[in-house]
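Dropping a structure here in structure tokens format, bear with me for questions.
Letters A, B, C and D mark the chains in the order given here, with residues in each chain numbered from 1 onward.
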Amino acid sequence: MAELLRVEGLEAGYGPVPVLHGIDLALEEGGIATLLGANGAGKTTTLRAVCGMVKTRGAIRFRGEGIEKRSTEDIARMGIAHVPDGRGTFTDLSTEENLRLGGYVRADRAAVAQSMEQMYAYFPKLAERRRQQAGTLSGGEQQMLAVARALMSKPRLLLLDEPSFGLAPLIVAGIFEILRTINREERVAILLVEQNAAMALDLADHAFLLETGRIVMSGPAARMREDETVRRSYLGY
Amino acid sequence: MRRKNIALAVLLVVACALPFLVSNFRVFQLTMVLIYAIVLLGLNMLTGYNGQISLGHGAFYAIGAYTAAILMDRFGVPYWLTIPVAGAVCLAAGFLFGLPALRLEGLYLALATFALGVALPQLMKYKHLEHWTGGVQGIVIVKPDAPFGIPLNADQWLYFFSLALTVVMFILAVNLLRGRIGRAMVAIRDHPIAAGAMGVNVAMYKSLTFGVSAMYTGIGGALGAIAVQFVAPDSFNVFLSIAFLVGIVVGGLASIEGAIFGAIFIQFVPNLADQISKAAPWAIYGIFLIAFMYLLPGGIAGLIKALRRRYDR
Amino acid sequence: MTASKTWAPVAFAFALAVAPGAFAQKKYDPGASDTEIRIGQTMPYSGPASAYGTIGRVEAAYFQKINDEGGINGRKIKLLSVDDGYSPPKTVEMTRKLVEQDEVLFMFQPLGTAANSAIHKYLNTKKVPHLLVASGATKWADPRNFPWTMGWNPSYQTEGRIYAKDILANHSSGKIAVLYQNDDYGKDLLKGLKDGLGDKAAKMIVAEASYEVSDPTVDSQIVSLKGSGADIFVNIATPKFAALAIRKVYDVGWRPVHYLNNVSLSVGSVLTPAGLEKSVGLITTAYLKDATDAQYANDPGMKDYLAFMKKYYPDGNIADSSNTYGYSAAQALVQILKQCGDNLTRENVMRQAANLKNLQLPLGRPGVLINTTPTDFQMFKSMQLQRFDGKQWVGFGDAVQ
Amino acid sequence: MEAFLAQVLSGLATGGIYASVALALVMIHQATHLVNFAQGEMAMFSTYIAWSLIHAGMPYWAAFFLTIAISFAGGVVIERVIIRPVEKGSVLSVVVVFIGLLVILNAVAGWIYSFTVKPFPSPFPAEPLFGNHYLSSHGLGAIAITLMVVLSLWAFFRFTPLGLAMRAAAQNPASARLVGIRVGWMKALGWGLAAAIGAIAGMMVAPIVYLDPNMMAGILLYAFAAALLGGIDSPFGAVVGGFIVGVLENLVGTYVIGNELKLTVALVLIIGVLIVKPSGLFGRTVVQRV
């Protein structure tokens, strides 16, 4: 299986405050990896660093190409879709317009329309809310919208930041189910940041554990799940 | 700290000596610098420290000026007594305008104050106010002579009067801004929500800042009226408000000494601009404005601070 | 009898000694020397009234021409014209600079009523001539209280009275509507009109409407005025608004007897924008010729003016009546300075300014002469009524007082 | 009654002027969430460009469209060169730059073209339509063009991907970048569009108020009032707001407080709307749920 993303010695921060102190990670095409860690460990910053939203040092290679100097727009156009924390919904626009924006970078109009129908098939709730102002959707619907919008660009890599945040367990389960389906059917790789480590490890095939800006442990998800530290600190049993 | 005190003392001695060294006309110009410094200090409290943009402070300057002129002309009130009255009137006017303005953020406040600055001169001509304001003709007032037989001419006396007032206003401002109130003002500018959460009464502070800022400006206006000996609606057009804004930007936002640099700038640079280009003096002014924003966002005060830091090291 | 005879030669000799002229010693006040006469001026080169800045420019150009031709009695004129942004505080500052630091002999044509009001007292206290003030307020001709100030424009009140007189003579049963600019100039002219109408004013004026220079149009005012049923319209507006009013009056189908104030008589910059066909029948007063009026195409004074503009002020707009205005004021000043001879004291400058006799300026309307005396500082006392025929202004009647 | 009607009609004519300038203001706001104080002066400057072209012998409509194109390019350049460097700074720095721009454009226009008023041609017939005396053909034509501009804008924002991208970029720049929108260019494009609309506004206004460097000075404040009244994010609202302000100004000026206090009316309107209903009559109030 070919390597999709490789990060080496990644450092990043906000202004003078460093957050990441040299991170290495890799992800295969079509794989799912999860970043675990406490609040403030640097998970969100890692995702932001990958898509050029913060100043970084170190190497980031996507499909063999260095992207650390690229702008967010270019990175998005290369096939990395990011569902940021807070979901980044365009609240004043309608559901459908949000989806259309997801497919903004694709030239083929017919294919975009097809993708849109596909999203409505994955998330029937969104089809019902097609014309509704996105800001008025429920939290779960907004999360679905965010994922759907990201998928509209036909990405190779989906960066997901806390998709379960603030949602009822039932809804979270639904979303994760769809993520699994999408990963399987569309061959989209996923890099997932998640508070709910149990669910994340369930979904992922590989996991990285972050502590204060460093990767302290990594390995196949199944093995990580067995680890004593992980279990005690993140799985809570 | 000691070095700073020495510098201030030297500055004050120079300021006291100047009127005996230069011509009366220069003394008048220096008086205007002092007046503008008071105004800019007031505007800087509002815009620099508290983050509320005003494009209409010329209106408060006008209210202060008219208060002084009407009191002197119609009621024979001595000039020195008009200053606190003008300050009080503007404090009230600023507070009242600040109340609704509270709800306006950034650009919208700029817009509302801009409208105020444009509309107020027209109000001064209103026929029902004409009896007081002198309508379009304005009011001519008499420049006060030095009291108690002090051997100073009228220009020099007014200069020292303004100097004393400036010193008092600056000391008040320093105490205000460096203390609890000043910290609250800055907190509101930088983190309005956090400031509210920490128990700062944001609404009260904002309107109060507006009031105090207007008070400073009004005191400047009253002094300005006495120095110029004339008020008319034409004196307070929207360009005046813009000049004040230019003053705090060039002098240095959120800087107390910046008010002085800004005052020197708006007093003398228009004359320079006029000499550079008779065709379009304001174009030069506009270029200055934008250039400062790009090259010296901290204004002259920021530049001096940076230079001193380098020199100290 | 005997005594006076004995003393007569002595008195004569004494008179010669003090009289200005060939026998006089060269006498100078600050600003004057053997080679130069320094003059100060404030002008709104920037700010809301910058349209008038061209007056200062055309005057500087005219003095350049005079200097190129050898100056006045061998002295060059140096005009220090500075920007006051139309802001009275700045006028005060710049005037003090000119008087106290640059030591000008006198102030020439500072512009604006408010600006001049701000320096009125100062210059009279300092005894510095405040000459040919560029404003038509009546207060500039008050030699008893302000002997150092003399205006240039015919006073607005006088102009208003001239219209009143014509109305009373020709349309005494009419109903009058007035549009005026809400400032000193508009109100002064309106006052003159009312004074001229006397006790009939209250009855005859059926509607008044003011506008502000910040108004985009005067449409609403014109509609109201038309609604008053008036059949006489007095248009007291500066060029842009006068043009707006002329056009609107015509467009709403109102055909009153239309008096247009003098500041807006320019064919090029008022009547053409308003539409010449819409301007037919307008009545105004004039003291200067209009450079855009075809009837002066072969007028020698006008030809000189156009040649001057071409050579010395090619950027200037011929259609702008501010340029003929400044040119004429500069010529009047040159006459005053010529009369001063070598006695260039402030007192003598003022004395000569108050001693202009039947001066016919090249651009003055025929019969409109300048006369001043120590008790009468009003430059223009007579103006001529004229009517627009669709192409040019045609004078009618005599020059009226 | 006839007088009243006449005031309303002439108010509509003036309202059309406010509407067109307000539209340009709304436009920049849509693209950048800024209120451009220099909008009026930009429109004035564009109109001078048109005037120069027409005086050089170009036919009206050719000059009209060329001016729009030049103004569009000018707007883009202004954004890239002048606004960009301060965009990330405080609101104050943006306001200061706007003010600087206003002052420069006004002074330069006066310097190049002098302050004398110039007549500006209208593409519409001189004869009034339907024999009414209060709305000239030009007034009606200008209103029609304004409405056309609003409609095409509405369609552009509603139906084209580019329009959608511009709205997204203004609303949530971070998210817009994540979907691959070049936010910087969207803003520049917004400025270009606003400048182009301003140019149309200027060319429609100038035949009514004559062309001079201070042409927009009086209009801008009323246009602000109109834009705010209609809702600063609603092009349609801006146009309706313009008409309301125009009529209101006439009626209040004529029947209530007299013509001397019209600016005060605008002031009260601006502050009143901002306080009572900041979203204006037609602006969207966003309901946020978390």
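In this text, a residue touches a chain if its C-beta (ideal position, glycine included) is under 8 Å from a C-beta of that chain, and two chains touch if they have at least 3 such contacts.
In this text the structure is predicted, and so the values were computed from the model without any measurement.
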Through how few touching steps can chain B be joined to chain D? 1
Neighbouring chains shared between chain A and chain C, ordered by label: D
Please work out which of A-D and B-C is bridged by more C-beta pairs in contact, and write that pair. B-C
Centre to centre, using CA atoms, which chain is the farthest one from chain A? C
Taking the mean of each chain's Cα atoms, which chain ends up nearest the overall Cα mean? D
With centres defined as the mean C-alpha position, give me the chain A-chain D separation in Å. 42
Approximate Å spacing (C-alpha centroids) for the pair chain A, chain B: 53
Would you mind pulling out the distance in Å between where the CA atoms of chain B average out and where those of chain C do? 37
Go ahead and note the Å separation of the Cα centroids belonging to chain C and chain D. 39
Junction residues of chain A, two or more chains touched: none
Got the chain D residues that touch at least 2 other chains? 107, 110, 221, 258, 260, 263
Where in chain C do residues touch two or more of the other chains? 46, 48, 53, 182, 212, 214
All chain pairs satisfying the touch rule are A-D, B-C, B-D, C-D
Partner chain A, residues of chain D touching it in the complex: 161, 164-165, 167-168, 171-172, 174-183, 233, 284, 286-290
For the complex, which residues does chain C have touching chain B? 45-48, 53, 57, 81-83, 85-90, 92-94, 96-97, 99-101, 112-115, 117-118, 120-122, 182-184, 187, 212, 214
Chain C-touching residues of chain B, taken from the complex the two chains share: 23-26, 28-29, 32, 118, 122, 125, 135-138, 140, 224, 228-230, 232-235, 237, 239-240, 270-271, 274, 278-282, 285
Complex contacts: residues of chain D adjacent to chain B: 34-35, 37, 82, 85-86, 89-97, 99-104, 106-108, 110-111, 221, 224-225, 228, 258, 260-261, 263-264, 266-267, 270-271, 274-275, 278
Touching residues of chain A toward chain D in the complex: what are they? 51, 53, 71-73, 76-77, 81-82, 84, 88-93, 97, 100-102, 104-105, 133, 135-139, 142, 149, 153, 166
